[in-house]
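Residue numbering begins at 1 within each chain, and the chains themselves are lettered A, B, C and D in the order written.
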Amino acid sequence: MRLHEYQSKKIFADHQVPVPRGRLASTPEEAKLIAEELDGPVVLKAQVLVGGRGKAGGIRLVRTPGEAENEAAKVLGKRIKDIPVRRLLVEEAVSFQHEIYFGLTIDRERGQTLLIVSAEGGIDIEEIARTSPEKIFRVGIDPLLGLRDFQARNAATEIELPRQLWRRFVNISQNLYHAYHTLDATLIEINPLVITTHNQFMALDGKITLDDNALFRHPDLVDKRDISAEAPEETEARKFGLTYIKLSGNIGCLVNGAGLAMATMDIIQHKGGTPANFLDIGGGASSEKVAAALRIILADPQVETVLINIFGGITRCDEVALGIKQTLADIRTNTPFVIRLVGTNEAEGKIILSESRLASANSLQEAAEKAVQNSLEPVP
Amino acid sequence: MSILVNQETRLVVQGLTGNEGRFHTTQMLAYGTNIVAGVTPGRGGEWVLNGKVPVFDSVHMAVDVTGANASIIFVPAPFAADAILEAADASINLIVCITEGIPVQEMLQVRRVIDNQNCCLIGPNSPGIIAPPLTKVGIIPGNITQQGSVGVVSRSGTLTYEVLYILKQAGIGTSTCVGIGGDPIIGTHFNEILSHFEDDSTTEVIVLIGEIGGQDEEKASAFIIDSMTKPVIGFIAGQAAPSDKRMGHAGAIIEGGMGTAKSKIEALKNAGVKIARYPEDIPHLIHSLQSH
Amino acid sequence: MRLHEYQSKKIFADHQVPVPRGRLASTPEEAKLIAEELDGPVVLKAQVLVGGRGKAGGIRLVRTPGEAENEAAKVLGKRIKDIPVRRLLVEEAVSFQHEIYFGLTIDRERGQTLLIVSAEGGIDIEEIARTSPEKIFRVGIDPLLGLRDFQARNAATEIELPRQLWRRFVNISQNLYHAYHTLDATLIEINPLVITTHNQFMALDGKITLDDNALFRHPDLVDKRDISAEAPEETEARKFGLTYIKLSGNIGCLVNGAGLAMATMDIIQHKGGTPANFLDIGGGASSEKVAAALRIILADPQVETVLINIFGGITRCDEVALGIKQTLADIRTNTPFVIRLVGTNEAEGKIILSESRLASANSLQEAAEKAVQNSLEPVP
Amino acid sequence: MSILVNQETRLVVQGLTGNEGRFHTTQMLAYGTNIVAGVTPGRGGEWVLNGKVPVFDSVHMAVDVTGANASIIFVPAPFAADAILEAADASINLIVCITEGIPVQEMLQVRRVIDNQNCCLIGPNSPGIIAPPLTKVGIIPGNITQQGSVGVVSRSGTLTYEVLYILKQAGIGTSTCVGIGGDPIIGTHFNEILSHFEDDSTTEVIVLIGEIGGQDEEKASAFIIDSMTKPVIGFIAGQAAPSDKRMGHAGAIIEGGMGTAKSKIEALKNAGVKIARYPEDIPHLIHSLQSH
């Protein structure tokens, strides 16, 4: 679960990491009011969970409350990469001498969290990582010991921070690692972490991603999810523990397992079709979950045919078949289906569906071919 | 012969009395797996599954009484990390964790502990291991594969079944199939399994099933160049997948251009691995190797 | 630093470990009042930091507030192993079905904290450990992982707790380990941890020892030290970072290093003398610290002679000599001294003391012999 | 010859610029120890002690630049555990920690980490190591001992000096003297040091100086029976000490009757160790061995 910038900054501030003064605005009037309170130049920042916000016009520097109102009116309601901007973070503009990159994330290969820092923070950090990797310093954090002071100090040394800032850098790093660990984050990124003209650290931007698998330990954080910033299908899918990603094609896919779902999409594409979605029902799905998945697919107006590919292991074909049967009893649809069921309780599943008169396939390849064929035929 | 599991495997099922544990234990027993015990705290002393399997309160007791040397874990995600540590603490040397959804920071800790112990963890979020015709430790359906000389190793669950099934339909059998698990942090990676297959006298060719994300396929490529004499066939899922919701810049910095289907396929090709475009191509590639 | 029972129980309660209702009383009237509040039989427990309190009459079970007042009057002001009883814990009497022993402490050999439990709690636990070691269950706790649920559950299994209590036992164990770890304790002991007639766990007694070396991290806990329960010399010694233990002899000892201090006492005893104290000035003591140590020794009326044995390493003989010289300038004393100085800056130290006309010795054996001789001569 | 340290030792001093660090570094330099670097974060780039020793901001940098392979730690207790971990992380393989007063739970963690690394930690609360005539890593005064064939290992600080001094006055020299430290949790115990002495060609006899508390002397007795051919002489301090303020019943349960001077002396005697009643007896015992 990704947090908005304003949510991330609240967490930073709670952990003694300085952030600019500011508040959220939902209307141009609010933006004006906040600018008046801040009494100086402010930055308006669209709160949308997509990259490249600045280039898309989602960040504006303004000098007066009046300007703030005018610019806020332009940004609010705008769409950035198809996401409507509903809220702006209005913050004091901060002058700084230097931009640092600070990141904590999981390195799956090493099985550790990495602290990543660079003296050359800012939007070009990925370019720098590619062309001058020596400017990026990485420290592996022992998951049992946590970040040690000497490691943070070594990072400060490596990026040549002025010595009088080392102590504070160590403290900020420890506070952020503490937040990362206690919130079960998989990413905390501050880019840029600036050194202000008053020689203070300040987080000018911030990203936090939380581990969805650990949200059960953090009921207070679940509320932070911004469902207004995502497709309603995705919200619905999450409610049932499904992994759903909307795509641009017309073949609705319902598959168990992420690998098989990807392979199914790959084959559809190889055969000349285009998937309407990625949908993994996970392992051991109940008939209710399958039914929910199918409802989500059928609710997508772009879907012209449905491909169900189930290879039962922990998932039982009879449960899947029950879910399909129930859904088709509830929703009348002319959308053509191709169903391929194999594996655990396959025979039982096929019996359940035997009256449904849905097209079946014996192999993934055959199923994909039939679905692509359906998708290329004119809608009945 | 097989790798990791064989007739000497004495399996304890952690989370035996839950729905999944009960269902798949029945399946494993039917296949022939030597299941010596189950563990459900608070239910020690019962005999379940028609009196076939004794239940213990702890893995320690199960090991003491039955000599169990391998464990399979079906316990729910919030308790699964503890279950892995309990098995390792009880000197189990093969732990297969089926559970998905374990918080990643818990798995970082578990892996750090396990790395210093003489113990092999498969998974989590793994479909387990099958060594036809008699032993399976996991949830891979027994009827979709048969005994043979192809070693299969995969990060996926159901995609693995697909491949096994395609192989079987082409008359090709499996020496051992190992699902290493789809989570970011897992116990055993491609390289350890490849190394086992290299040493296994029955295995003649290996099928490696990868997917986008991480660098495990790239590392396997380097290992294949350095240490493998047996031929490897590869399939990578996710070529048509939308680019993942990335982990900020940090993710890009760590991956450094690796992790894409393109990167993985190129690396494997450079290591002499034949790449299958569809899973259905795999039998042809195996036959073409054998006709050489 | 050892905490009183009432302090330990406050910490237990703060960590969701049930304890009997009750409060501290300093007077018989307070004891009566509390007994009235508790409205039932109560236990009066002397708050002194010595073992064998019960056998010494420091624990009384009474039925009525009047009895509470009478018995409290007897116990308050009493001395238990030479410690005056200033406060009583007045608690509800709890009826129970079973007594468990629960302990967390450091096993220096294994380099781990051990969880120690036994189904046979109560005052005979050491006897049980000796005669029936199989009735004591020990679990080593990985210092990086902490106590794991399965370990606490295994302990519950081993001591054959009823199954319906396992979950609660695991919770209590986790809470106590959490307290142990976060407070930097070296011991948490509950003996007995009872199962009440209502099937609840309850800590009827409790001991907590905190790591003196970690008190700097717990400024709030430093206040918990009960200096009224110790000799004033020990309080003074602690203020200067000295380790001082009052003994019964007449040879005051001032030594650097615990091992050398013990060896010095051993030799004094072998030679027929008796040490008045153990006093280790530690490593690298300043002259102020040495002066404080000497003042503490000279303030003890039992001291008839002083033996100073310094082998300089990190401790510098010149600093020690300065401290001695200053003290002797401040305090006029006829007590005979034997001084033995060797090691780091020995020559400088001897020069400083050259005018003091104190008896010196060239070896530990010679120093001990002279001091014992002094101690056996009639006081001048 | 000597154990643990020798002419190849390239020492970095952590906490060089503090009072103690500066004083004892001067002493070590005067003795002949090869001190290649100091570490004080924030003071990297300076040269101190009359320009003899370069200061670095981190142990990593000191190792990179100077090839340091051993470290001595003088940093204050609240920061000492971190200093040990820093040295281990920088691949230092001998770490001598002089600092006393490190919180015990921190040392439990440090020891757990160090145990899995190829690194020898001496201390904390150790006087260090001296190998006459040229190398000392620690605070043992150089002028109280001389080169010879007696190996000394001790849990004490100043009591060790006492013994070295008595030996020297009797004309007996030391091969190496190691103070393993007086804290409850230390890195290296008697047995590892005894094993080094057993393997050291110069060492002919070993003096072991123990004290009450713990079970290290009892364990050493078992080791001596099993693995030592060289004669060992023992001295145990604390026979006249009042019984320690005990750690509740738990302490008694763990110690199980061990830990007293009596228990230690008996165990050592059973292992054939000659026990000195006074430190002054040690030279006589050594001479009596040599006259055999």
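By our rule, a residue touches a chain if its C-beta (ideal position, glycine included) is under 8 Å from a C-beta of that chain, and two chains touch if they have at least 3 such contacts.
All figures in this text were calculated on a predicted structure; none of them were measured in a lab.
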Could you work out how far the Cα centre of subunit B sits from that of subunit C, in whole Å?
54
So how far apart, in whole Å, are subunit A and subunit B when each is placed at the average of its C-alpha atoms?
28
Sites on subunit A at which at least two other chains make contact:
142, 144-145
Can you list every residue of subunit B that touches 2 or more other chains, as numbers and ranges?
109, 113
Could you tell me which shape the graph of touching chains takes: line, ring, star, complete or other?
other
On the basis of the stated criterion, which chains touch which? Give every pair.
A-B, A-C, A-D, B-C, C-D
Subunit A-touching residues of subunit C, taken from the complex the two chains share
144-145
Write out the stretch or stretches of subunit C touching subunit B in their complex.
142, 145, 148-151, 153-154, 157, 163, 166
In their shared complex, subunit A is touched by residues of subunit B numbered 20, 23-24, 27, 77-78, 98, 100-106, 108-109, 111-113, 115, 127, 139-141, 144, 154-162, 165-166, 169, 182, 184-185, 209, 211-212, 214-216, 219, 235, 237-242, 245-254, 256-257, 277-280
Can you list the residues on subunit C that touch subunit D in the complex?
2, 51, 101, 103-109, 111-114, 116, 125-126, 129-130, 133, 136, 142-144, 181, 184, 186-187, 189, 191, 207, 209, 211, 213-214, 216-217, 245, 247, 255-260, 262-263, 265-270, 275, 278, 282-284, 310-316, 342-344, 363-365
In the complex, the residues of subunit B that touch subunit C are 41-42, 44, 57-61, 79, 82-83, 85-86, 89, 109, 113
